[in-house]
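In what follows, subunit A forms one complex with subunit B and a second complex with subunit C.
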Partner chain A sequence: MIRRLWPLALITFREGTRNRAFYGISLIALVLMGASFFISGLIMRDVGKAAVDMALSTVSFAGLLLVLFVSIDLMAKDLDKRTIYMVLARPISRRQYIVGKFFGISLLIAVTVLLLSVFAAISISIIRWANPDYFSRFFWGPVMLSEVFIALSLILLSALSFLFASVVSTSFLTLVLTIISYLIGQSLTSVKALVEAPQASGITISPVTLKLVQAAYYLFPNLSLFDIKIYAAHGLAIPSSFIVWTLLYGLVYIILSITVAAHLFAKKEFP
Partner chain B sequence: MSIITYSGITKSYNSWPRGNSVLALDGFSLEIEKGEVFGFLGPNGAGKSTALKILLNFVFPSAGTAKLMGREVSDEHARDHVGYLPENPYFYDYLTAKEILWFGGKASGLQKSEIHARTEMLLDRMGLKASCDRPLRTYSKGMVQRAGLALALIHNPDVVVLDEPMSGLDPIGRKLVGDIILELKAQGKTVFFSSHILTDVERFCDRAGILVGGRLRLVGNLPGLLSGAGSLEDVFMRAVGMTEERKI
Partner chain C sequence: MRQVLRSAFLLAVLIVLHVIILQRAATESKRLPAVRESGILIPVPVLIISSLEYKGFVSDLLFIKALIFRGSSYERKDVPRITPDEWQWFNGILIASTTLDPYFIDPYYLANAHMTWEAGMVRETNELLEKGTTYRDWDWLLPFYAGFNSFFFLHDNEKAVELLSKSSERPGPREQLLSLAARLAYTDKKTENAIIFLAAILEKTEDRELRIQYMTRIHALQARLLLEKGVASYKKKHGRYPTVLQDLVKTGIITEIPKDPYGGNFTVDPQGRVESSSDFQLMIRQR
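Up next, the complex of A and B:
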């Protein structure tokens, strides 16, 4: 099985790293990291927190662009331009195709986040060297954990895009559905809290809206769970149970999404 | 022994959301023997590509069964020893010819040394050696077609399925493909190819079939098809004139 998946994962990764959008995204990340030096010079207090927050936000933003504009494109091209023929003409099943392609894209996301994390570490280190007083409560551990969570949430989003690509017929629709899922996933917790206690905000919520939000809460991934930038920025301790459960949640969601995507893809035709 | 078998294949494409469907193949049956070079003829929209895509399991038959080397086409191992060149092939933009051949060899279970040897031989044979490290998006249409043919042959397959292999090729490229088909024939490989070029079918094929409106109108060995007719063109025109496009 791995013998057949690995070649597909590797060419997917190579194709992704040579995509012009990949270089564009890396450049945007570098510019944003560079900008954080100047921005930190303008802030009068909490320079350390701002520097960590900006660096991690850049990693997260550049990673999101990678998923939306490179990883979705890698799958879309196979379906729209029928490059999938060169894969499926081999002794590779549609299910194996989905898993192999997903491994390649996950590798691309992991390596990109690693690279961006190195940029982020350099950016934080320089600001820390220039402003040591503001970094008294700074620890690398939560920063690195935050980067692992960012990578996991991006891989999860990518798994969702695979699921959408297995159902819809155009890459544009896959992109739109992935963006919608991202927006819902980021705001679910806040919206659920709002509709479940509307009196606190002085608003009224219909029972239908409440049920819809509750259904969405369990259907869409809760991406805000993976956002622990605030812990890293403030040097707060992160409970180990939270780390374990969040990692498990992410992995289970990814496995479920890819399993369903592979099942649906097995029935897809390529005329 | 039949290497390729189609038994009563019907295939209709449904157009969603309008709901009307087009019948691409209608009770199509065909057997191709080991070592045969079979030419598949038919007007545009006759269902030739659909028949080839069913063989590669890209599309599923609505009814009937298809087998490759004795295995149902839905079994991915039916494609262990099959090479395929699609009509107007398109490959990953940023990969090189060497890289797609590496992929083809690895995915078909070849060892590193075999991949290296066959890649060198095929790139040389296809005239792509000088450009093998360039991204495929910089290739001309003919070069892409030749890279596709190299990919189809990388694992030295027993069965080679070619969908319009001469499409987009200049006379030199067409001669190259023709020579390769003849070499494969000499090696005892089975070649199943679709074409619009009747002279190619006359030159290379042991047998030919003419598909019209999703139905196999004529099939037989070349001397048999040509007996009593002036040329393959006459045979083709007569076969095509018999039916019209069918819709359900």
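Up next, the complex of A and C:
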């Protein structure tokens, strides 16, 4: 199984690194890291916190761009350009094609996040070297954990984009659906908290809206679970039970999305 | 060759045109109806939802916005330099910043530095500081600041002692905090206690502008303390309070009346209380 999937995964990974958007994203990441020097210079006390905020936000933002513009492109290009027929003519099932492709893209995301994390570590270290007094509550552990969570949430989003790509026919629609899922996934927890206790902010919520939000909560991925940047920035303790359950949640959602995607893709009729 | 020259000439003309037009457009844009940025306050729930996974970063930006507003107000010539509405906005921005990241110390620090003496928003400041005290449960500074505000502005010694005790339970200068709490609880020397409090705050302040402000406050209080002691010893000698402070100089108790660094004049009232016409904070607002 792995022997069959590995070549496809590797090709997908290589194709991704050759994508021009990949270089653009790296450039954006570098510019944002540069901006973190400027921003942390404006902070009076919590310089370390601001440096970590900026570095981790850059990692996740650049990663998001990668998922939206490179990974969707990689998946959808075969469909858009009809090169899918050539791939499917080989001794590989449609399900294997989806899984192999997904492994390649996951590898691309993991390597990119690793690379961005190295840049993040460099920018944090430089700011720390210049302001050693403001890093008393800084630890590398939570920062790295946050980066692992970012990578996982991006892979999850990518798995979801696979699901969309196997249903709709154009890469543009996949992109739109993925962006919508990202926005919903990131804000679901806050929206749920808001509609479940509307009196706290002085608004009224209809029962239908409440039910809709509660349904959406189980349907869309809860991406805000993976956002532990604030805890990492302040060096706060993160319970290991939370880490385990969140990792598990991410894995289950990914496997679920890819299984459904593979199934739908196998049944899909190509024009 | 000619082609290259022509292109270079065209490019030079276009660059010059670009600079001139940009300047002109920027000047013309000033004629647009003015929009006071400080009027805009996004509701907090909307802000929480729309900042997605960048809450910490947005919190930093909001703090920087408040900081820049405060800094740029030094260039204004209006009296008062910052209107009550703008202070409300300032408070709102800091509330938003600390809602997105309640562990971030800078908004609390900024609120304490500016919203008490200048804006007179002591209760609002203490609300913020209490929020910070709850979240930053390792930090002794925030309850300490709130303690000073309770003691000095709100005249609530009981609350101040409670806050100082809370502060002393956290890693920090425990002994110093406890002795200050004891002083507040058992002595009525308001000015003296305020100086000790402010000196401790000054010790923990690094920002140059803020240090100057705290030092001026300490000098003003030291001047008042000197006069209060003079009035007390006058009372001891003559059995009544002096009618004017000049009496202290005439009787040789002090050599001269110290100057109020805020530009006001010290006076003594029939109950022997020494006050300044600057009220110490009023002058900062008008300066």
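Keep in mind that, in the parts below, the second predicted complex is superposed on the first by the 270 of 271 C-alpha atoms of A that agree within 3 Å, B and C clash if a C-alpha of one lies under 4 Å from a C-alpha of the other, contacts with A are read in each partner's own complex, and residues count from 1 in each chain.
Everything that follows uses one rule, which is that a residue touches a chain if its C-beta (ideal position, glycine included) is under 8 Å from a C-beta of that chain, and two chains touch if they have at least 3 such contacts.
Quantities reported herein were computed from a predicted structural model and do not represent experimental measurements.
Student: Check whether A:H234 is in contact with subunit B, with subunit C, with both or with neither, and answer first, second, both or neither.
Tutor: Touch partner of A:H234: subunit C, not subunit B.
Student: Counting only touches as set out at the top, which of subunit B and subunit C does A:E269 meet: first, second, both, neither?
Tutor: A:E269 sits against subunit B, while subunit C stays out of touch.
Student: Tell me which partner A:L183 touches in the superposition: subunit B (first), subunit C (second), both or neither.
Tutor: A:L183: touches subunit C, not subunit B.
Student: Looking at the overlay, does A:R18 come into contact with subunit B only (first), subunit C only (second), both, or neither?
Tutor: The first partner, subunit B, only.
Student: A:A89 in the overlay: touching subunit B, subunit C, both, or neither? Say first, second, both or neither.
Tutor: A:A89: touches subunit B, not subunit C.
Student: After lining up the shared chain so the two structures overlap, which partner does A:L194 touch, if you call subunit B first and subunit C second: first, second, both or neither?
Tutor: It touches subunit C, and subunit B stays clear.
Student: State whether A:W6 touches subunit B only (first), subunit C only (second), both chains, or neither.
Tutor: first
Student: In their shared complex, at which residues does subunit C touch subunit A?
Tutor: 43-45, 48-50, 52-57, 59-60, 63-64, 67-68, 101, 103-106, 109-110, 206-207
Student: Using the touch definition up top, name the residues of subunit A that touch subunit C in the complex.
Tutor: Residue positions touching the partner: 39, 42-46, 49-50, 52-54, 56-57, 60-61, 183, 186-187, 190-191, 194, 201, 203, 223-224, 227, 229-230, 233-234, 236.
Student: Subunit B touches which residues of subunit A in the complex?
Tutor: Residue positions touching the partner: 3-4, 6-8, 10-11, 14-15, 18-19, 77, 81-83, 85-93, 96, 269-271.
Student: Could you please specify the touching residues of subunit B with respect to subunit A in the complex?
Tutor: Touching subunit A from subunit B are residues 13, 50, 53, 56-60, 76-80, 82-84, 86, 89-95, 99-100, 102-104, 106-109, 135, 148, 151-152.
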